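The following pair of complexes shares a single chain, chain A, combined with chain B in the former and chain C in the latter.
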Partner chain A sequence: MAGRAQIPTNNSSLIAMIADEDTVTGFLLAGVGNVDLRRKTNYLIVDSKTTVKAIEDAFKEFTAKEDIAIILISQYVANMIRFLVDSYNKPVPAILEIPSKDHPYDPSHDSVLSRVKYLFSAESVASERR
Partner chain B sequence: MEEQDSETQSSGSGGEEETLKLEPEGLRHDVEDQHVLQFLDSLDGYITLMDSLSLTLRQGWLELASARHSMGASRVNSALLNLKFHSASTSLQVTRNDVDSEANEANFTLCKWASSNSGHSSAGEKFREDKLQTKHDSPDLRHRSKSQFSDETSVQSGASLVADDHVQRERSKSLSVFGTLVSPKLRAAQLSFETALEMLVEIANTRSTMLSAFNRVKKGLEDIKS
Partner chain C sequence: MSGQSQRLNVVPTVTMLGVVKARLVGATRGHALLKKKSDALTVQFRQILKKIVSTKESMGEIMKTSSFALTEAKYVAGENIKHIVLENVQNASLKVRSRQENVAGVKLPKFDYFTDGETKNDLTGLARGGQQVQLCRAAYVKAIEVLVELASLQTSFLTLDEAIKTTNRRVNALENVVKPRLENTITYIKGELDELEREDFFRLKKIQGYKKREMQRQLAAAKQFAEEQFAEKVSLHKGVSINTAHNLLSAAAEKDEDIIF
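Now for the complex of A and B:
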């Protein structure tokens, strides 16, 4: 399309993860693990001892970093910080809710689908047409 | 008679004006329909890709569990993860389509198994560029002589072999965290999660398109309301 400018925002961006051990291990095998000079990682492994505050802090930290383009978060973890996830609306980093071993993906909880589903509400469509 | 003629003329000219008024309206509806279709297509793509991702991840988890079973739980766990300074071998490139402030569509490209040395063009990325270059050059290659063609293909196959070697080395480096000799199931799990990563990048792009189309549709509805 004419006039559409492609702006490269970053030469090389990372994928961050907030998920269970197996999911993080699997993606680390695929080479997405990054440890910076301050020994900070681009992932948080969530287990039974992980507090909601720790998850919130990790989410806020990853969304604030400019070198992170995608954040993978297990949906059951996202449900623990649902308010924070749903209130986030920037295009980058993109928040992708993924299933985990014990919690299959539920489209009704997905924050992106929740945002767009109001278009399918009969009331909202009818009120716009009046 | 003249009055009727003048009435007919005025209604005719009014009809033309109405047609002219309707044409931009018609165009606007076409554009809105296009946005709605784009939104619905990307929504369908998003849900389909999430289903595929679930299947791929399930396979990866199963393979990881099998590897843990054959190698032992102490050899496949998060305590072994490398916490020394190192850059990610697999990263992303992000471009934004700055059509307008509402659209703000981002496009993600996966760079698999680039060198872990940052700041240099790596064999992993070069592999992708060579592949793309091959795709773009293929129509022109048809018009060249056979000898040139065979030279170029041998150079390209040589380059791809080098890139393959590099990718294999990076994969082995990643697996070496869990020991020198690893179960084939762990290698299989690595490939499954690589596939999952490719799907996730596709999902991210589809998500971006969907949100961009959604914003346009929402704006269209607000315009109708106002």
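Now for the complex of A and C:
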């Protein structure tokens, strides 16, 4: 329909990561990391010294880049920039919250699931915590 | 909102009535179709939501397994593994491809992942623990699979959400604004046409009455004229004045029984 944002049919898109060192290492081992000509990487390692501003900038940069289709972000990092993650409503790239070693997965904070919590007052989302 | 369900400003003619009726039929049909589409989309939506919830759960499990594998690899290969891996990053070998799927009339994006080029096995500098590293890598690749599927579910979910909202908005608009407006217009046109017809009828009746009175007046005038003529003839004949002639005539017209002529 006219006016609706077209989802680009991309033939090769990257997976970006904003997570702690261990998680990123694991994924880089699998072969997801990419360094392009301008020495820009598609991942950001977050440790105790990373500022919230740096995380915000990286997030904005990844969402603006056209060849990134998925952004994996650790849940505790997502909590730091919760407002940015929640206000992001474009379908591409998809934002996935993954658990980290010290912070197990908490569905009540997931930006997508919290949006539909009203649909399932006593069902699935709550049942996970049980 | 200024007076809900106003009517359109049209010239109240029979043609316009036909046009507006056709539009009402179109609006009704469109409303029914959109409602069906909205219901179909909602069904899909709930299905996807269920899948998302279950996939997220399994994703949590898989990430845990991969973390364990990584810890093992770290233990065996030494702590340097992180730096080695970081340094060896060049081009991504795991990429995703996105395509569009048509579900109930809505284009949903779907991701598949594919391996582009061979996985770099040249982890230069890694002295020991090659097997553990391979295991770890396999675990993470599996995690990526699940994550890619989750991502495509999530995007379709968000897109469907948008589509449902738009469709519902259209359904409500048709039901609460467009149809009442068209119905009011039809009532208005019908009312105006009826009024015009009544005016016409009334005018016709008035003219008929007028004509009838004219006829009667003419008839009376003609009769009077005829009487005058006859009276003149009688007066000339008998040699009396007109008035006496009139009296004679009226007397004759009365036909008194006592007078015997």
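Keep in mind that, in the parts below, the second predicted complex is superposed on the first by the 112 of 130 C-alpha atoms of A that agree within 3 Å, B and C clash if a C-alpha of one lies under 4 Å from a C-alpha of the other, contacts with A are read in each partner's own complex, and residues count from 1 in each chain.
As a convention for this text, contacts are C-beta pairs under 8 Å (C-beta built on N, C-alpha and C of every residue); 3 or more make two chains touch, one makes a residue touch a chain.
Please read all numbers here as calculations on a predicted model, not as lab measurements.
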Overlaying the two complexes on chain A, which is it for chain B and chain C: clash or fit? clash
Check the residue A:I98 against both partner chains and state whether it touches chain B (first), chain C (second), both, or neither. both
With both complexes overlaid on chain A, does A:G31 touch chain B (first), chain C (second), both or neither? both
In the overlay, answer first, second, both or neither for which of chain B and chain C A:R39 touches. first
Pick from 4-12, 58-66 or 148-156: which stretch of chain B gets in the way of chain C? 58-66
Overlapping contact positions on chain A, where the chain C interface meets the chain B interface: 4, 7-15, 21-23, 25-35, 41-42, 69-70, 72, 91-92, 94, 96, 98-99, 101, 104-105, 107, 110, 112-113, 115-116, 119, 128
Which residues of chain C touch chain A in the complex? 49-50, 52-53, 56-57, 59-60, 63-64, 66-67, 69-70, 81-82, 85-86, 89-100, 107, 109, 111, 115-116, 119-120, 133, 136-137, 139-141, 143-144, 147-148, 150-152, 154-155, 157-159, 161-162
Within the complex, which stretch of chain A touches chain C? 4, 7-15, 21-23, 25-35, 41-42, 69-70, 72, 89, 91-92, 94-96, 98-99, 101, 104-105, 107, 110, 112-113, 115-116, 119-120, 124-125, 128
Interfacial residue positions of chain A with respect to chain B in the complex: 1, 3-15, 21-37, 39, 41-42, 45, 69-70, 72, 91-92, 94, 96, 98-99, 101, 104-105, 107, 110, 112-113, 115-116, 119, 128-129
Listed in rising order, the residues of chain B that touch chain A in the complex are 39, 43, 46-47, 50, 53-54, 57, 60-61, 64-65, 76-78, 81-99, 104-108, 111-114, 118, 170-171, 174-175, 177, 186, 189-190, 192-194, 196-197, 200-201, 203-204, 207-208, 210-211, 214, 217-218, 221, 224-225
